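The same chain A turns up in both complexes below, where it pairs with chain B and then with chain C.
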Partner chain A sequence: MLTRIADVLARIDRRIIYLLISISVIIPTLVIFPLPVQVSPETQKLYDRVEAIPDSSMILLTFDYYPSTLAETEPMSVAVLKQCWRKNLKVVTLSTVGLGGPSIADRVMSTLADKFGKVYGIDYVNLGYKANYQAVLLGLGKSIRSIYPTDYYDTPLDSLPMMKNVDTYDAFDFIFIVSDNGIVDNWVGLVNAQFGSEMGAGVTAVMAPKFYAYVRSNQLVGLLGGMKGAAEYEYLVGEKGAATAGMGAQSLVHLTIIIFILIGNFAYFAGRKKK
Partner chain B sequence: MHSFFGKQLPVAVAFFSGVLMIITFFSGDQTVADFSQEQLVWVTIVGGFSLLLGVASITRVSLSDVRKRRKGWPYKAVLLIFLVASSLGAIIEGTERGTLYDWLFQNMNAPMMSTMFSLLAFYIASAAYRAFRARTVEATILLITATIVMLGRVPLGELIYGKLPEITDWIMNYPNLSVQRGIIIGAALGAASMSLRIILGIERTYLGRQ
Partner chain C sequence: MNHDIVLFLEMTLAGFLTLCIFSFLYKDNPFYRLAEHIFAGLSAGYYVGLIWHSVIMQQLWVPITQNGQYSLILPGLLGVLMFTRLVDRLSFLSRVSIAFVVGNTAGISIIQQLHGFVLPQLGDTMSRFGQEFWGPLIILIGVVSTLIYFYFSKEHKGALGITAKVGTVFIMVSFGAHFGYTVMGRVSLLIGRVQFLFVDWVHSFNKIIN
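Coming up: the complex of A and B.
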């Protein structure tokens, strides 16, 4: 009997797995059920550091991500922006990702700017993208104007009131990196190590394990890991958003995958016993 | 002459650029700093041209495939149509909100890339079911750790067992971190030695020929 069950469980059609994963995503997306969000120490540290920045100071927020990871990364950018603008911080953005980064920054910032009543050039500036990120990160440490003579909209930096006295990383109280790729290594290795700029990062869940090392060495103040990290930040900022809404789907998908792993192992061991 | 432009000059440029960056890092001299800053601006400009080279290359390859009706040519045709549409749109109108480029990006590129990425969840579930077996002690440890972290990184895990997030944090901050540090240090040493090899002209594979 047991071996027959094991045989059946060992041959589950992949379409059934796909169907169950689909259901695990669709149902919690349609019927949102409240789930507790326990804030990790890494998220709390990052939030507290941004909160400690004096009002009206300047922060550099990067949009170093491709559209493929929007579900994880965009909620981070939105939550940080809400926190920054609630504190009246001035925000400069740039992207080291050519495909999408500046466009995503443009959409996210202009949408939120309308809500918070922020004016381009006075409260925020989008520098856009320049090729060869390592040269860009190093160059910005010596002169922002030499790397970005104009912003994303081809407006000379000197004609933007907010950028009048800004020409190196020294102008920023904090650098908040939101990324889905290895650029965080370069921000830490080139900018933190060489220019002493304080920074924190929000990254995708698969990348987060690597960057715990930088948090422990104080090269990163804190870290947001994946959609859960974004949901934790939304909780701290006090405005639930896309990441909080996605926690149900993510929870159920994780549980479904674990159940399938257990089924696969049960079938494997039961089948082996038979042999 | 060919050898000079194909081999000696690029190696000399790499040597000069690498040494300049090292001197800039250790020297506080303003003239050196200014010169190195100028070089960084050059690098970003060269980067722009390399993107152009990439566009030219993909256009040439795709055009050839479409002309010769090679396998998958309709996909290449779609690629070319949207390459031209987004490029022309960006050149004529710019890339701000409300432009053709932005419309194509926000409504086609972004959803398609997100869709491709989200398919991973299906493949991961199927692959985990088929291949993630506790065959050895190492595989069992990996399986248990993965299960704890997967549950501990979602709110449902906290509902199942309140201490799971703390256990996950411990896994991330100790066993995971020690391994990651080893990898980071190893990769950094590798990058440093590779850079040195390029600066000294020992490593020349980046030139594209032996």
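Coming up: the complex of A and C.
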């Protein structure tokens, strides 16, 4: 009897699994149910550090991600921007990712700027993308103008009031990296190590395990890992967004996957016993 | 045309292409192939335009022709030499450019790895021995045993074999953590698409009918 059940379970069509996973995502998306948010120490530290930046200071926020990972990374950028602009911080953005990065920054910032009454060139600047990230990161430590003579819209930096006295990393109180790739290694290894700039990062879940070591060694102040990290940050900022809305689906899908892992193991071991 | 209608048409196109990609979960089909080819072509075309504008024009042509930065002719020539790979008789010339790129990258990476990763991580772990015992000890055992697992100059027998086995445990724990996070990441991407289809797309439709 047991082995027959195992046989049936072992032969479940993969499309049934896809269907169940889809249902597990769709239902919580349509019927949002609130789940308690446990803030991790890494997220809390990052939030506290940004909160401690004196009002009207300057922060460098990077949009180092592709459109394919928007679900995880954009909520981080949005939450950080809301926190920054609530404190009247001046925000400079750049991207080491050409495909998407600068245009995502443009869309996110212009949308939120209207809401917070922020003016381009006075409260925020989008530097855009330059190729060869290693040269860019090293060059910015010597002279921002040598790498970015103009901003994303081809406006000379000197004609932007906010950028008049900004020419190296020293102008920034903090660097907040939002990334979906290994560029965090370069920010830490080149910019933190060689220029002593303080920084924190929000990364996709796939990248997160690697970067916790940087938090432990204080090379990163804190770390947001994937959609959960973004939801935690939204909770701290006090603005529920896309990440918080996605956590219900995230939990239900994880539960479904755990059940399928148990079923798979049961089918495997019961099947082996039969042989 | 009304902004809302344009937005809805954009969303509908994106929604259609998303569904085309998802259709592969059932089986391979022409709609999936169409979306796949559009994605590949669009990405390639966008990159060509991006590199042309942000590298060739902004960092080479304009500085040389308008700012008189003639020293940039040299890296420009190195770039041109890369294309000699397309001609068999001249392909050896591309090695000059490749050598420059390899040397440059190695120089930056060695400093980056040593100064930004190895030394700070070593320093942090060692300095913690004064404050705690088990944490840094586990890290030390993990690093040494994992390195020994990848030491292939001697057969893994005796003490070396036992240490390599301990290394395997640490590698498995690391793989497990990465796998768990990867599942979470991939599920997040699916959630993002579903939110787009069921929230953003529907919202854009509601906007034009209201």
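In this section, the second predicted complex is superposed on the first by the 275 of 275 C-alpha atoms of A that agree within 3 Å, B and C clash if a C-alpha of one lies under 4 Å from a C-alpha of the other, contacts with A are read in each partner's own complex, and residues count from 1 in each chain.
The definition used in the following text is that contacts are C-beta pairs under 8 Å (C-beta built on N, C-alpha and C of every residue); 3 or more make two chains touch, one makes a residue touch a chain.
None of the values given here were measured: they were computed from a predicted structure.
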item	value
Room on chain A for both chain B and chain C (clash or fit)	clash
Touched partner set for A:192, first chain B, second chain C, both or neither	second
Contacts of A:106 with chain B and chain C, given as first, second, both or neither	first
Larger contact residue set on chain A - chain B or chain C	B
Which of chain B and chain C A:18 touches, first, second, both or neither	both
Which superposed partner A:29 touches (first chain B, second chain C, both, neither)	second
Chain B versus chain C as contact partner of A:52, first or second or both or neither	neither
Which of chain B and chain C A:226 touches, first, second, both or neither	both
Chain B versus chain C as contact partner of A:8, first or second or both or neither	neither
First, second, both or neither for A:122, with chain B first and chain C second	neither
Intersection of the chain A residues that touch chain B with those that touch chain C	18, 21-22, 25, 68-71, 98-99, 130-131, 138, 185, 189, 194, 205, 208-209, 213, 216, 225-226, 228, 250, 253-254, 257
Complex contacts: residues of chain C adjacent to chain A	25-26, 43, 46-47, 50-51, 54-55, 58-59, 105, 108, 112-113, 115-117, 120-121, 123-124, 174, 177-178, 181-195, 198-199
Residue numbers on chain B that touch chain A, as the complex places them	25, 33, 36-38, 40-41, 43-44, 46-48, 50-51, 94-97, 101-102, 105-106, 109-111, 113-114, 116-118, 121-122, 124-126, 128-130, 132-134, 143, 147, 150-151, 153-159, 165, 169, 172-173, 176-177, 180-181, 183-184, 188
Interface residues, chain A side, partner chain B - complex	12, 14, 17-18, 20-22, 25, 35-38, 40-41, 66-71, 98-100, 102-104, 106-107, 110, 130-132, 135-136, 138-139, 142-143, 146-147, 152-154, 185, 189, 194, 205, 208-210, 212-213, 216, 225-226, 228, 231, 247, 250-258, 260-261, 263-265, 268-269
Of chain A, residues touching chain C in the complex	15, 18, 21-22, 25-26, 29-30, 68-72, 98-99, 128-131, 134, 138, 185-186, 188-190, 192-194, 204-206, 208-209, 213, 216-219, 225-228, 242, 245-246, 249-250, 253-254, 257
